[in-house]
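Each of the two complexes below includes chain A, the first together with chain B, the second together with chain C.
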Partner chain A sequence: MSFSLNLSFSDLLLLLPEIFLTCWLCVVITVDFVSPRLPKERLAYLSVGGLLATLGCLAWFDMNQVSGTLFGNMFVLDRMAIFFKIFILGSTILVILASIEYVDRFTLFRGEYYALVVMSALGMMFMASANDLLSVFVSLEFSTLGFYILVSYLRDDLASNEAGLKFFILGVFAAGLFAYGISLVYGETGKLVFSDMASAPATPGLIIGFLLIFAALGFKIGAVPFHSWIPDTYHGAPTPVTAFLSIAPKGAALAILLRIFIVALGTFKPTWIYLLVAVSIVSMTYGNIVAIAQRNIKRLLAYSGIAQIGNVLIGLAAGTKMGNDAILFYLLAYLFANIGAFAVVIAVSQAIGRDEIEDYRGLGRRSPFLAFSMLLFLLSLAGVPPLAGFIGKLYIFIAAIKEGLYTLITVGLINIVISMYYYLIVVKQMYINEPIDPSPISISGPMKTVIYVGLAGTLAIGIYPQPFTDWVVAATLMFANFVTPAATVMPPSLLIGG
Partner chain B sequence: MLEELTAGFPILSCILFLPVVGAIVLWFMDDEDTVRSSALTIALVELALSVFVLLRFIPESAAMQFAERVQWIPALGISYHLAVDGISVLFVGLTAFLTVLVVVYSWDTIRHQVKLYMMCLLALETTTMGVFVSLDLILFFVFWELMLIPSYFMIKLWGGGAERHYAALKFVIYTLLGSVFMLVGIALLDINYHQWASLHHSDHAYSFDLLELITVPIPISQQILIFWLMFLGFAFKAPVFPFHTWLPDALLEGPIGMAVVLAGLKLGTFGFIRFSIPLLPDASKSDTVVMIVMVLGLCAILYGAWMALVQADFRRLLAYSSVSHLGFVVVGLFALNYQGLQGSLLTMINLGFSTAGLFFIAGFLYSRQQTTQLAAFGGMAKQVPLLATFFLIIGLASIGLPGTNGFVGEFLILLGAFEAKWWVGSIAVLGVIFGAAYFLWYYERSMLGPLGSSVRSTMGDLQLREMVIAVSLSIMILWIGLYPSPFLRIMNGSVQALVDRLHHEKTAALDNDMTERR
Partner chain C sequence: MGEYALLYILFAPFAGALALIFVSNRQPSLVRGIAASAAFVSLVASLYIFYGYDPVRGGFQFVQKFAWSKELGIALYLGVDGIGTPLVLASSILLFAGIFVSWHIKDRAKEFYIWLLILAAATIGVFMSLDLFFLYFFYEMSVIPMYLLLGMWGSHTKKYLEMTDPEGLKQRDSVGFIFNFGSNSKEYAAMKLVLFLSAFAVAALMGILLIYKFSGLNTFDILVLREQANLMNIPVLGTTLDKIIWVLVFFGFASIAPIWPLHSWSPVGHAAAPAATSMLHAGVLMKLGHFSIIRVAFEILPETTRELMPIAAVLCMFSIIYGGFVAFYAKDTKYVIGYSSSSHMGYVFLGMAALNYISLSGAIIYMFAHAMATGMLFAMAGWVYDQTHTRDIPSLGGLSNKMPFISGCFIVGCMASIGMPGTVNFVAEIMIVVGSWNKYPLQVIVAMLGIVLTLAYLFKMMRGLFYGPMNQKYSHAHDAVGTVDRLPLLMMITISIGFGIFPMHLYEVVRSGVDPLIARITHVVPVAESDEVLRRVKDAAAITNSPAIPMVSNTPITHVSEAPRGGQE
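The block that comes next holds the complex of A and B.
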């Protein structure tokens, strides 16, 4: 494989967001070292500032359709990569804002917390651009490294330590699987870049290799049967980290899954569709049924997250351009609803100190704003119209039904009914039961911002989804060539919303 | 002059969103009396707007009127498309009318969390209106699902029974189960349209618009599949026997206001006549479908009436009588002829007055005795003569005595049923007899005869607010009963168009006719 490092200035432009964020990360760490007396929330705002600047840069890229590849196709910047980077940065910003109060609970290294969050975000940005197996591996491990530390950040809390250890051991195991998968795939094809593999014949080694890689990525997105770390890790980790973990890495890993399944394995769709259908059905059903029995809100959201990933995989199983659009759209809807729900969980746990569902008794009386927000977020997660989640589910189902995946759709729909049950349990606690302690709950400014952003996103995507559908349709345009039936390519009139 | 002023004015959007905007405004009020009077004002304005639409509606026409259409989600072909025709316009008026009455009724019967109650009620009105005026199937589905949320809270927070939590959850889960199947059906319609459109290079790749979907031919096997999927959605909501088990629980445990809306507005059967029959004409008239649905309808008539006969609780009796009446409506609809469809449509409206009216009566009884169990009543006609009189008037309308509205509707249904299949008609007639039996028997035991031992001697007769409700319902009952032609004229055009579409000869003419006009 020829490999050249002749980088021109215009090539570096493609890396500008990452380079900038790396520098900013150094700035944050330095500021933290240089002035230890600085209130830590300043560091939070400093990090958010850098992330916002990066976000602006990416938005500019998106508008001007900047694209290209670097390092012999290892790094690709296309509109889908930009979409996922914006997705990751958006969730990072919201998570940092939601952490500001929570960070006071950490006994040590409060400043480094923000640096680690930004570092993980940086790793995930590389994941969104990774275009060959090596860069996937490196960026995946880079981002996970930050998470290993973040999950066990509550040093004195046994649950947090347990969560960190479980996450670490299983994470390293997944990394091992991944590396083994890469070696098999490389051994069989001699290729690492996804698009080069497209014509490779299906040898047993290649199949095993890809299965291993799928298992490792399944671990990241938390699909059954690779989900066993999720409940304990989500439960034990500091809640903002749980929120972060439940959104951003899933997005980044899905970017990779999309590239692998559509670009590298597009021709094997008739084969892998069974794998995805099976994983999707099991994830949805398992996640939803086990969620019913949960007593802890974080565990409930963990299992509901497993079920949501099952829904996302329906779109991947459809394997069409429309399916991919639906995945991206669904992720956007999920981002706002999930981060919002976790923000409410953080706000409540700041006031009460616990995360049990029964602690939500009478929240409607204690804080109408929090309870109403939680209601909307949960309903959006359940897929009730006209909230974002409904349009997302609809989009995915239409994409799948077009491919004739009726079994999958039926299971998905029955799961909506099941999920409604446990979301309503929380709603019942908030609105029907009387509070034990009727004192009102105060919410800090940044937290309010996060919840407002979540509400705005959930409502805006639900009520006026057109700009978002336009965006996701444009973001997956490059897949149009890889998707088999020509009829699924959108006519141009739809792309401009005509 | 008025013509010019109102042309292009989005009156249906106003009707649709006025209540929910009103509900948001209520949020900022503190005083309970202000909340009550504001809610009443909003409901009255809504009623005025609906009456205006009814007056300006051009009768004897199959056209979609007052249409509004903008793109909503072009990528999926979803549009915001509202319009009324002869099938739906009466329901708009009925919804507004009943909401006013519920607000009046709830004035002093709802004591706690008045603001939240009124907000839920108004939100419920918006979603119900949305179901009636939406022509886009996804928009329709949005309102259809949204209705669950205020309903859930109403049953749970203001329900009287001990089992209300169970009832609310059962209601939500059952209806949701039905509607997810319906959603698959809707998606299949869309995919079918998409395939047809890409073959014919139409510029809309996807569409959920009723008026566009009916222009596309659907293979019969596909039609039958979609029919049953949508049938489940509507049947759970209606509820059609044997999907009715949530209804007695929800009506008994929920507040009277909720029961009035749930039992008075026949959303499920409206779905059949609005979507299933016009969209899937071949499936609707295929022998198997007609046979199964007819048998279900007949079972509902007999089973509902039979169960109503033995109920000791008045609200449970009403719930089963609802099931029985819905059986009539279903039989009339699937007679698939002019009289049957017209009769069913009229009966759906009638039930809005009579069944809802009886629920108000149940409410009046409840506020006097704190229960609707038979044991608490007996010989009350002497104590509360006015209540007993209106009870009788509304009740007789519900069993279809000539001169009341119930007679016109049931008569047309039976006519249609006999014309379609004589045996269906003859079995359905039994339901009328049973209906008279269960109502009159209950009336006799509760109102006539010696004074019941637990009836308080201080019990007062109808108060002003209760009189308003009872009198306005009675007026409507007698009006439709004695002079139904204005109502029939409104629906004639659309019903005729539907019959033509079902019986193919004039399908092409219908497609031209059903295109929008303002």
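The block that comes next holds the complex of A and C.
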């Protein structure tokens, strides 16, 4: 495969968000070096400013339907990529705002923390656009690199170090699997770009290769049986990093999974549907049942995240345009509820210093705002109307029932009930149990912003989802005729400005 | 305001709850004022639709439709027919009464009213939804407030309170408390209620999703589905699809009704709940089950309903007898009323199972009547509990000296609950009994036995609470003297007796909803033109038992009831 690099200015426009963010990353690092006495929250606001500018640029792209491909189809900017980039940037901004207070706990390298967060976000933005096995691999490892460091940022905390080590070893193992999978797929088909593989015959090598790739991506999203790193890593990592880890990489990896399953393997749907159904059922059931036994709120959210991914995979198993819409919609609902729940966890742990579930005793009296927000976030994760999570789950179920996935839906519905139990245990601690120490809990300004954004999103999506469904439906338009091999091939001329 | 009445009824409580978020608990009178005025708006608008509903025209009135999600085929589609109208009215009456019943709540009053308003609004939402999605949406939404209301303001049973040793306290707070801590705590009751109802609600959701898929119409609109969905004769798993959907929908919604053997969450929940919540719970929440079965199973699967409704006829006997006997032996005031409610819900199932004009109308009037009667009883049990802090009947007694007004009202409540002539319960019971006699004589005999049982356990409780020697421990108890305390009871008594003496408008409204439904299910044309109620009932029953007469046209019949002035009372 050979391609020539003759980039025009208009080609570079497609890369504008990434280019801008790279420059901004350099600015953040430079500012941190040049003026070490600068209060670190200024650095946080500086990073947020850059991310907001990038977000604005992407929003402009989305409104004007800018799309195109670069580097011989390695990099694709379609509306789905834009959706995932906005998703990643949004979660990054909220995570940075939620970490401003928490960063004081780090003994060293407080400034670099923000740079690393932005760097990981940059890597994930490339993941959202990757349309080729090599660019997937490179961007995946690029974003994970930042996370390896971020997870073990609490240098004096054994749990954080353990989390980092566990994440690193398993992460590198997954990278190895991925590379091996790529080599097998390339050896069998001679192709790297997803849309070129659609007509490849199903040889054993190809199947094993894709299974290995699926395992590596399953590791990223934390689906059973590739989940073993999740609880310990989530538990040990600094809480804002856990929040980041629980949202953004899952979104980015799902973008790749969508491209692989729908574009590259669209013709093999009757085969891979069994794989996805099995993984989805096991993830939901395992995540929810093990979550019941958890005493630590971060571990509880880790297992609930595993179960949520099982739900998302129902949409992937549906394998239709509606299934894809439902996945994107579900991720939006999950973003707001999960970031909000983690923001509450951070706020509580700032005040109390621990994050066991029993520390939430009487939160309803100590801080009615935090308790009420947590209630709504947990109920949204459980899927209770009128919150976002309910519409998300229903959207996925409707997409799946149209494809006749009755078993999967039955298991999903039963799991809603199981999950309600452990979410309500937290609610019980917050509202029914009386506090041991009734002193009120104060919340910082940025944290309040994050929680308000989470609440607004959770309620808005739940009460009036039409604008959001419109957005996701438009975002997956590229998949409207995904059975045909040339699904991702863009029109030859760039479509800018309409 | 006319055509927007339903929006006022539905959104006034939501708006009240929203406004309450911004009020501080330090202004209790403002909090109560907002809650009461929200409920008042709802009540006035409900009275407006109840009396503004035109039974001659029939069908769905006050219809409001807003597109909600084009992608999923969902619209916020609201409207009431003759079946929904009385239930909406009952909900807003009980909400209004419930706010006054809980007037003296001290602990986190604001939060209490917020959840109570959301609970009532969600319940009202079910009664006016013409879209399957929103029916489920509001149904599930009404479950979660129950958890918080029970957990935060509920009360434990006597046994639980005795368990105060360190080991017992530790067990109360353990994660797996459901498994290692008996059924006596309010936490257990709340959790059981939510999990039980959610588990069966998702079964109903599965049924709804199957209707959505196999109708192929891409819509959740009940009116479209009932006209166009063809779900019959699709073979699945050795039976047909419509039967599977019907069973999922029926048992999914019957769990909240609650039909035996799915009733076990209900008395526990009643017992743990604060008075106003018990009122709404027994008064209207349980009716969500019957109503949703009528709306989903009866409307969309009429043929299957005719085939499978005998299941309900069998189960309702167990409901009536089992609930009655347990209520007789229960020692906790709220358990007695709770089991009595689940027993009485058996009558509604009997009325529904018989599937004729008289019995189904009776069932719906019974839902309204039971809401008033059980609302009164729970309000008074709540008052007694607030005064004495116990619900243990053997330790109480002789309270009529201390609270003559309450004990007087209690007699009226018992009479209403038994179905004494003069109360609306009598009208309903006689219609159920007469309407079902030809088809289910055994069940009617059981229902009669149930009435005797009701008499027995309610009188037993009345004697235990208000008569006999008084326990001096409770000599500080006092009567309901203030207007605020008497208003809700007097209101419910007035309505119960008022409709008992003048049931005609209620009857006509209900009939206008029942007629097209029964005509679709049984293909029997309703009988009119008769001045005497007995003859009319006989005719209706006779036709029901004769081979089905196919209807000439399938359009809904808007039946004008010429008949019975006087008669029943």
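The rule we apply is simple: the second predicted complex is superposed on the first by the 482 of 498 C-alpha atoms of A that agree within 3 Å, B and C clash if a C-alpha of one lies under 4 Å from a C-alpha of the other, contacts with A are read in each partner's own complex, and residues count from 1 in each chain.
In this text, a residue touches a chain if its C-beta (ideal position, glycine included) is under 8 Å from a C-beta of that chain, and two chains touch if they have at least 3 such contacts.
Computed from a predicted structure; not experimentally measured.
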Using the superposition on chain A described above, determine whether A:198 touches chain B (first), chain C (second), both, or neither.
neither
A:417 contacts which: chain B (first), chain C (second), both, neither?
both
Chain B versus chain C as contact partner of A:398, first or second or both or neither
both
Quick one: is A:165 in contact with chain B, with chain C, with both, or with neither? Answer first, second, both or neither.
neither
Once the shared chain is lined up, is A:386 touching chain B (first), chain C (second), both, or neither of them?
both
Contact-wise, after the overlay, does A:27 reach chain B, chain C, both or neither (first, second, both, neither)?
neither
Determine where on chain A the residues touched by chain B overlap those touched by chain C, and list them.
325, 379, 384-386, 390, 394-395, 397-398, 401-402, 409-410, 413-414, 416-417, 420-421, 424, 428, 431-432, 464-466, 469-470, 473
Taking the touch rule as given, give the residues of chain C at its contact with chain A in the complex, in rising order.
67-72, 108, 111, 133, 136-138, 140-141, 143-144, 147-148, 151-152, 173, 175-176, 186-187, 190-191, 194-195, 198-199, 202-203, 205-206, 209-210, 212-213
Residues on chain A engaged by chain C in the complex (per definition of touch):
292-293, 295, 322, 325, 357-358, 364, 368, 379, 384-386, 390, 394-395, 397-398, 401-402, 404, 409-410, 413-414, 416-417, 420-421, 424-425, 427-428, 431-433, 464-466, 469-470, 473
Give every residue of chain A touching chain B within the complex, in rising order.
325, 379, 384-386, 390-391, 394-395, 397-398, 401-402, 406, 409-410, 413-414, 416-417, 420-421, 424, 428, 431-432, 464-466, 469-470, 473, 487, 490-491, 493-494, 497-498
Contact set on chain B toward chain A in their complex:
71-76, 138, 141-143, 145-146, 148-149, 152-153, 156-157, 165, 169, 172-173, 176-177, 180-181, 183-184, 187-188, 190-191, 194, 198, 203, 205-206
